[in-house]
């Protein structure tokens, strides 16, 4: 079907460009490392507080990485007016959204998977046992973040103050995702039973579904105002 | 040509550096791992010092080289000096990583943690990240002069971190070992001082050797690129 | 048959009215050249027809389809070569073409792509990343895409800009091949010489008044506006 | 003197543009607000830990605001190739740096001065008594951040992955500034005697001097590689 | 006297050698027009003379000053009108001129600015923000700046591009006023017609070979390259 072919072409193009610029993904990763560095200094991490604020640190670090990574996701489309080309194409615009979304999701998940071991190392965490739970949490949280981020990236990339506007739009709406992810992660780090924090994961899934569907439907209008 | 003279000089003397490094490091490893006695407190674990400290020191030596070469580049704008900068940065990153890894391995038994947020460790991590940034900046720039100049600028401003690394153990209360050689004298047992000195000087000279080789390699790559360009232009490629 | 038909089109940006009740029609198989001073609104008019701007008032039809209601159908038959090159810097020339055509749902063969590239004279750059193309080469690449897409209606904004003389000749050949195949071409230009070789009709847009003149008058006139 | 005239022209131009885009500065401010919002959700701020991590929160929020604000400071110069114009000018390039630096410093200080009361409000802090000390700390910290940020903005704004590269280069080197600012602020919030934390302020001043002088000297080469 | 003198200039970008041992000289009071196919390196050559690129090898002199050592002095006498418009979007046309001239250390009076703007035909847009200018209007603004700066050596890249016919005429008048005042003009162009009116000498750059032809030959030749 043409719909899926569009998704495939978009994702192919994004991943190929990303592959050609391999430095790009590693730079995201080093950005996150920098954030951790700054955090570890700004909060006194050797004290007892560390366990308390660890989930927050993890997710704020991921959040800022997402702001940098997702914010530029539509830049590649604007550089040579490719958005304009999309606008004049006789294809379902939602497919473009899904293609970009999938590419971004993959990109963010890759960065996160590399980062988790580093958290373990740097903060002497014991989370190897609960690796699967953490993976689940970060996947559902990242789906929501990427869905919103893709939409807002397309929205802000064409305006003047995009560096500021992107986080201003993204952050308030992603608060539920942050809360869900932080609370679920806190459960995991406390080694709670899964059922004690599973409702947070359910919350995340609900938001994922809402964000993906609404963004998919609304994206049409970004390309065809 | 400055570049050809410089490269010729490197080619002429590199083998002496290689030879000296081999001799010193072999002697250092032998005395360090076989003849010297284990530490009173730390036991056999202390032997990692003979790798850790030389690596950490050489990382700083390499960064200082990068710093001086960067100033030299901004002053003279010689392409070969930029190659030396590039080489020094890569090697500095290599030795920094070595220092971090050996330090972590040493830290697990002594501090019971791979990593602590201690001033020396962190300032060393800053150097690591600065070097990563340096090499990354190079990959994102196409224009040769721009690449050389911009990265030199970064290297120069990043140099402020070096005094912090060295003196952090003095300035802040720190978990890390204090300076063993300072204005208060030498605080190492003579038994350990011999392999320690051999390894320190040996790895330092090893770095010089690697720098000489790597600079030549990068310079040749640069020549090859130019040659390729000429061929491309003449339609022969 | 009217391939392009604009009826009293107006367009205002913010406080500034660029077009006021401009009407124009172009037949299938015809090349219409649009002259006019800087800032007359030529680009704006083309972008309205290419469904990139909505007109403030007035209506237009492309191949008999209403440009306001049937935007998606209109997009099936049009192609715009404008100021944007619609390229991804890190894809090669060939990959860029594959993407641009593929996303429209049609997979050209290697041979077809090669033929189109050779036709515009950049065959030997097929594997170069498009980042390294000069302005003229990017223009040629856009023409190659048009040759593969074969739109029923082609819009050319500043058709000859940044092309060298051989490029101009090649452009004229392409225009001729389009009109001979029954497509309509609407182009804006400042160069009378090359335009004279291909244009069937000539219009001068000045202060929202579109005056039609003959091709011969265009060549001989002292000043067009 | 010509040197000071250049500084004045640059600062005039930046502040005028900033004034014409008043939304810009308020958006910076809302960005910081968003960061605080995310923080207050990610860290459980109702607990005892708040006092412990408050200085960190303040400075990480300022730090990210600086990343967003300073990172785009040279964007205005790149948009229409103004950097190129500077390069061909027969003027001392260091003056351009100082002009930009002063503009940025003023901009950042404005944002911070608006933010401080908000911290007081949101986190029920008692820092009105020590307002002067806090002002001193944030001024010296902001001088260092702006000096580095202006330099790295000029450096990264011309390269491909600037959104990521700017923080990657800025953050490691600004760690000393963060440490100094956080520790001094902690002293203030603990209502310590000034002499107990004044050495942190001295540290900040030392870094300010180093960063401003080195950047000023080195800036020449960014415009004339 | 040689205003511009290039001796066996070469320039390579990464893997690609654009210029190979090109020599050229332009006398004061002379207009030299440079033709050549797309990608021949015309822009590159101009940018070397404008001290924007350093030549890979070879040397050049501007008004007798060495282009490599005396860059700052060279910059005192040159001006480049290239692809960039060197404008700040949020400053008005007049403010942009004031800044561009003021930063060179010279304050033109209102009357002088008005005269220059009128001369290029955009006097009535003096208070418009430059964001809203069309391509041709920006080009005219660049010429107005050159008229105020009155450089000894003027570089024009694609002098006539995006100008309408009246703009072309105005450009030629300006070029004539420069050469009559003893300045040298080096321009690249693809348009033979307007060039014939002002050029004293004509060169064709093709594959790093610069062939000089007479103005008459240029007009009558079938193809220049």
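Order of writing sets the chain letters: A, B, C, D and E. Residues in each chain are counted from 1.
Basically, a residue touches a chain if its C-beta (ideal position, glycine included) is under 8 Å from a C-beta of that chain, and two chains touch if they have at least 3 such contacts.
Quantities reported herein were computed from a predicted structural model and do not represent experimental measurements.
Shared contact partners of subunit A and subunit B, listed by label: D. For the criterion of most C-beta pairs in contact, the winning chain pair is A-D. With centres taken as mean Cα positions, subunit C sits 58 Å from subunit B. Subunit A and subunit D have centres, each the mean of its CA atoms, that are 26 Å apart.
Separation between the centroids of subunit B and subunit E, computed from CA atoms only, is 48 Å.
Under the contact definition stated at the top, the residues of subunit E that touch 2 or more other chains are 16. The set of subunit A residues that touch two or more partner chains comprises 21, 23, 27, 30, 34, 37, 41. In subunit B, the residues touching two or more other chains are 122, 126, 129, 132-133, 136, 140, 143, 145.
Checking each pair of chains for touch leaves A-B, A-C, A-D, B-D, B-E, C-E, D-E.
The touching residues of subunit B, counted against subunit A in their complex, run 113-117, 122, 125-126, 129, 132-133, 136, 139-140. Subunit C meets subunit A in the complex at residues 50-52, 71-73, 75-76, 78-80, 82-91, 95, 99-100, 102-105, 129.
Interface residues of subunit D, counted against subunit A in their complex, comprise 21, 23-24, 27-28, 30-31, 34-35, 37-39, 41-44, 47, 49, 52-53, 55-57, 59-60, 63-64, 68-69, 71-72, 75, 160-161, 163-165, 167-168, 171-172, 175, 178-179, 182. Looking at the complex, you find that subunit A touches subunit C at residues 2, 5-6, 9-10, 12-13, 16-17, 20-21, 76, 79-82, 84-85, 87-91, 224. Within the complex formed with subunit B, the residues of subunit D that make contact are 148, 151, 155-156, 158-161, 165, 168-169, 171-173, 175-176, 207, 210-211, 214-215, 218, 221-222, 225.
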